[in-house]
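Structures follow.
Paired with chain B in one complex and with chain C in the other, chain A is shared by the two complexes that follow.
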Partner chain A sequence: MARFIVRRLLVAIPVLFGLSVILFLFLRLLPGGGPAEAILGQHATPQLVAQITATEGLDKPLYVQYLNYVGRLLHGDFGASFIDGREVAATFLIKFPATVELTIGALIFAVGLGIPLGRLAARHPNSWIDGIVTVISLFGISIPVFVLGYTLAFIFGVELHWLPTFGQLDPRLPINPVTHFAIIDAILAGHWYVIDAVAHLILPSIALGTIPLAVFTRITRASVIEVSNEDYVRTARAKGLTDRRVNDRHIMRNAWLPVTTVIGLETGALLAGAVLTETVFSWNGVGSWVVSSIQNHDYIVVQSLILIFATIFLTVNLIVDVGYAFLNPRIRYS
Partner chain B sequence: MRKKLGSLLVIAVFAAAACSSSATPSPAPTAPPPTSAVTSQATAVATPASTAVEGGNMVYALNGDMVLADPSLVSDGNSLFVEAQVVQGLLGLQPGTISTVIPVLAAALPTVSADGLTYTFTLRTGINFQDGTPFNADAVVYNYNRWQNYPPGDLQTNAYYYGAVFGGFGTASNVASVTAPDEQTVVITLKTPQSNFELASTLAVFGIQSPTALKAGNADTTPISSNKYAQGELPQGQDMVGTGPFIFKEWVPGDHITIVKNPNYWDAANAALLNQVTFKPIGDSTATLQALQSNGVDAAFSISPLDVKTAQSSGLTIIDRGSSCNQLNLDMNQSVGGKATIYANKNVRLAVSEAVNKQSYVDAFYSGLGKVPTGFMPPATTGFKAETLPAYSVSQAKADLAASSVTGSALNIDLYYPSNVVRPYMPDPKGIATAIANDLTAIGFTVNLKTEDWHGGYVSDATSGKFALYLFGWTCDWAGADNFLYTAWFGWSGGKPNPQFGWNNATANQDMLQALQATTPDAANALWGQVQDLLAQDLPVVPIVNSQPPGAYTSKVHGYVGASNGIEYLNTVWLSQ
Partner chain C sequence: MSTVVDLNGESPAAEGRTVGPPPAADVLLEVRGLKTYFHVMDGTVAAVDGVDFQLKRGETLGLVGESGCGKSVTSLTIMRLVDIPPGEIVAGEVWFDGREILSLPMAEMRKIRGADMSMIFQEPMTSLNPVFTVGNQIAEAVKAHRPVSNREAWNRGVEMLAAVGIPAPERRAKQYPHELSGGMRQRVMIAMALSCDPKLVIADEPTTALDVTIQAQILELIKAMQERTGAALLLITHDLAVVAETVQRMAVMYAGKIVETGTAEDVLLDPKHPYTQGLITSIPSNVPRGQRLNVIRGTVPNPFRMPAGCRFEPRCPLVFEPCRDFDPPLRTTDLDRRAACWLHYPPSERPTVSDVAVPSAPVRTERVGKR
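Right, the complex of A and B next:
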């Protein structure tokens, strides 16, 4: 197992290196000039653009810029934004907890609802129950996130006034941002402010979790149906085991494998930034940060963030692969 | 199943309703506002003070985050809106106006020497900074010298406005000296007369900060990434320390900025009524509207003009921003790539000017918050002169086009508009461009609509002269003729006309240069008037609209004084319970 993990980690190095080169070149091929134009907007004059370009070292040859960037990266320095001069790492530590929180919320929604729905559909294949679950899945996959987000906000925020429509906490509450995890900060602040934090999490979690919900439902359904037709399940039933025991001990334990894989992949994708959801709900996470950085040609931020995302994605995948071994002792990596 | 389908239909209807209120990005910030002006002279309080309720925490939606916590180092509207509540300058603007200069930390408007080179300010007495240190002439001198001596690098590039107003830093600056003959007097001496000096000095970037806090916070540290003062990371009372009615408390980047009431504000009659204001950056216009409708925020600096009717029907009040401080033009470049375009022909420019039905655009796209221009900049701008612009007339436009002798394939033209952007003067670029294209088609042009991403090349391509016919506008930095006519549009650079227009009129450029250095306002305005006459003769652009960018607030908010240049002070605002 240790060798497997080490090998996977070594493979990650050329992947990240290749990604960094591609990103570096791609970002500089974006039309519309560089960050100087983004900083100055309509105030940009050729003289000022040249001045900023020189100040930021963007007039140096590309390979020099790249080597400087990698050199800093190897020292743990992700650089600073061209726009506000703020260290990428410092801003990341403020924004990433919000994305983690949203990811967890979306996963709770998607896993908590998707797997029971998938099991339900699998137990009644081709029935009206299965049909309803299929419709829910198709709805979840088809509806654009921003449409769902605005709709949820409109119904539950604007019309019913049940839930907040933006942000992680009511700005009027005296909650100090200690950890930048809104729920933890709210707990630390006391006064049951945690209820407000949870309320803020509900709508974005549903909006973000709908597509994973549909995916988990379909995968669970397919996996359970497939395993249910295996010989060992028939044998178990023939032995006279109860339905519940067959389901829990023989079907679900084996059906979990593909489901786990998909959950892992979705988790990695969600952590890499829920761009639309964060924009619709003004969620101060990394997704909307990436978008604004791309628009501003803030190369350093985009490069560093995508490398961080790639690392997270690779790590989550590794954890999923390792998790296989624990879920199914028959699987061993060598 | 039927119930489920019904639910789906309901959701679809709601989705359509939600989307119809525009999913486009909210407008980019308006041009940076000048400094705070909450003085005893500034009494533009919308509601009688006797009914005002003190206290409360207002949540205010901005359309983006603050960039840096040092006003001298920013040039964006969001930063300056926040910072103008905290930091004040010697001069400011009368709240609710865009060009009425009033003394703020100065006791009166400065006396100006006959040669226009020396400005003598007498300061108010008894004012302390929010850290308790005294405001005096030495503090003013310290601040002006600090700006002037910013070293080359990121401090200079961030201090855009100082460089733009005074022509550079250090010895390149037009400021010869700033001295303090006594504790209450500051003398600013210029190298050459500068007619925009007073109006430009109202910018919040010229807000005076506590020298003690600046020194203790190492505010001149470079690179800015390690400048804790500029990053707003120092504790309350040590960062962004001014003399304003609010004190900077906290900034969590991307999440919120908090300012609290200054209990020791020097002008008690105009002290803040609110205990606290929390600024919340919301970058999406639909999200902003929903936040207002759900009472999540109390006020929003901007909403989409397309959402104005929805907002009003939801019980929200649209901010009355009075006189416009922006203008959208249809620019006609007379020379692209060194070759004359059809717009070099005066009759073509005249035909285009007569073909566009500006009033119909104002009616269709601005929800009543715009006016057809009567000149080449907004009417409330200092130095404005009304001109007789060509009236809408399809028949006259056709006649002028015929007189131009431009025919055949030359009438097949491109019209550029920006995509992925909403500007205060351009809420629906594609819609406006389409309407203009239809009007031009009606007189005989064949119009190809073309677009580029605003952030991805439109601005640089337009300003470098790659487009012949295109939409472009400007929101004032300060409401002076120089800011529109010279800085934004027609000033020459390197002895050549601005390639954005190819308008080769040396007389106009000479007039502008003389106006910039005029020693009296009357002399400057006369020259700016001549420039506007030349523009009216030559018609290098078609002025399309002067708009009032809409913002909104809920029924709880009172005492809000709006201004279309974004200079709005929250000390007069109060919340009903």
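Right, the complex of A and C next:
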């Protein structure tokens, strides 16, 4: 198992190397003059261009510039925003926890509901139950996130006043941002403020989790039906096992395999920012940050965020692969 | 005449089903008039269409026939492993160890499956669950039927692996199916099937998927284990050589029906039914080198459009007047020999065209089992 993990880590190196080259060149290949003009955008004056060129070493040969760039990355220096001058790494540590919380909330909703629904549909294929589940999942895939988000906010927030629809915490509560995980900070502050944090998480999680919910439902249904027709399931029934044991053990252990892969891919995508959901619910995560950075032509931030997202994606994939190998002995030993 | 059998065992309707008298005590398995149909998109396939045979305690019976004749469906029906729907047990009785098991609630049937009656499947490569160790899978079968600890169940698994000739069984028990060869996996399946000392083992083409060199070993093993444990064996195969080497009695199946039964020796040396005769003369080694091989002309009938009379009639070289319109029932020809062919009926008992009003061709008069 250790060798498997090391091998997978080694594979990540060329991927990140290639990506860093592309990102490095991307800033230098933008139209409208050199990289200094691209960074400065409409504020570019000859004086500022000369200043940036000097401080950033943009007049040096490309390979020197690249080595400097990678050297800074390896020291954890992702650069600073040209708009507000803040360090990318520092801002990231504030905003990423919010995205992680939202991702976890969406996954709990999507996995917790999607897998039982998929199993239910698979147990009665082509029945009316299966039909209802199919309609739910098609609805989930089809509805635009912002429509669902605003609808949820309108019904449960504006009309019913059941749940908050704005931000991660009630700003009136005296909560210190220690970890920037709203739930953890609320727990640290005591007084059951955590209830407020969880309440804030519910609607965005449902909005964000609806598409993954639909995907997990479809994959689980297909996987369970496929595994149910395997010879070894018949063997398990021939042994005299109860239906429950055949389903929970012999079918599900195998049916989990493709489901795990898809959960991993969705997780990676969710961590890279839920742009629309964060915008609708004013969620202060990396998704809204990435959008504002692109709109502001804040290339240094965009460049660094893409690299960070790629690293997160690779890490999540590695975790999924290790989990997959754990579930599937055929992978473990090959 | 019959009421509905609830095949999921959830309704007390099963109690109301009328069945015939139980067979004699020395009969372990008796199948009477069994019909298993499959309702598919294009219509209904009568996969098993009136099958009768019996198997005494400790006896070995070969059920022989070509692909698609219904022999596997017969065995799956006996195990109650046919999926309902699309399958339906339309009629018939299966008596096992003094009980009519088609009427049993599923919970009762599960106690028999894997314990008193177990099965070895055709495909050892796919019949074991890839994510559990083989020892675990045998222990699971033991635990399902016996009040033993996990440790005891595991030990029983190792003991069974040793009994089926797997070297280093303690180590092998901890391996996954993909780490074993096809022959090894079939040994594991045999170990699993015998782990609860069954009274009946059904082996469905146990050697078909294996290398020729391994086939003989596995057959020898099945035979040796059968003799050692005294279990009855129902061996399903299309291979006459396998039957000749392994079983005492045989039943030949064609298009969902049994056409001939008898001791393996009698049937193979003196086949009564033209289909059996055709099978035996088409064995390549019966033909001198350089001559054309014998074949049974034509193909098996379309399952959606079975012939009205004898199902072998379109292919039979000996066909005569009654065959076209009347399906011959099995008739005792000699001691312990039965054949379903009008040739073996005295002329006075053969139907003539004037009997058309009461054809003996299968008519669906009863529906047992729910869709």
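As a convention for this text, the second predicted complex is superposed on the first by the 282 of 334 C-alpha atoms of A that agree within 3 Å, B and C clash if a C-alpha of one lies under 4 Å from a C-alpha of the other, contacts with A are read in each partner's own complex, and residues count from 1 in each chain.
The rule is short, and it goes like this: contacts are C-beta pairs under 8 Å (C-beta built on N, C-alpha and C of every residue); 3 or more make two chains touch, one makes a residue touch a chain.
Since the model is a prediction, treat every value here as computed from it, not as a measurement.
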After lining up the shared chain so the two structures overlap, which partner does A:R253 touch, if you call chain B first and chain C second: first, second, both or neither? second
Output check: A:W289 vs chain B and chain C. Expected answer is one of first, second, both, neither. What do you get? first
Of chain B and chain C, which one contacts the greater number of residues in chain A? B
Looking at A:H161, would you say it contacts chain B, chain C, both, or neither? Reply first, second, both or neither. first
With the two complexes superposed on chain A, say which partner A:T242 touches: chain B (first), chain C (second), both, or neither. second
With the two structures laid over each other on chain A, which partner does A:A325 touch: chain B (first), chain C (second), both, or neither? neither
Interface residues of chain A shared by chain B and chain C, listed none
Spell out the part of chain C that touches chain A in their complex, as residue ranges. 79, 81, 110-115, 118-119, 121, 123, 126-132, 140-141, 144-145, 176, 178-179, 189, 192
In the complex, go through chain A and note every residue touching chain C. 230-232, 234-242, 245, 250, 253-254, 327-330, 333
Quick check on the complex: what are the chain A residues that touch chain B? 30-33, 37-46, 48, 51-52, 55, 80-81, 83-87, 91, 94-95, 128, 132, 135, 139, 143, 146-148, 150-151, 153-155, 157-158, 161, 164-168, 170-172, 177, 180, 279-282, 284, 288-289, 292, 295-297
Residues of chain B that touch chain A when the two form their complex: 1, 4, 8, 11, 14-15, 17-19, 23, 28, 57, 59, 67-68, 75, 152-154, 156-158, 160, 164, 223-225, 227, 230-231, 252-256, 278, 280-284, 286-287, 290-291, 293-297, 314, 420, 452-453, 455-460, 463, 474, 488, 493
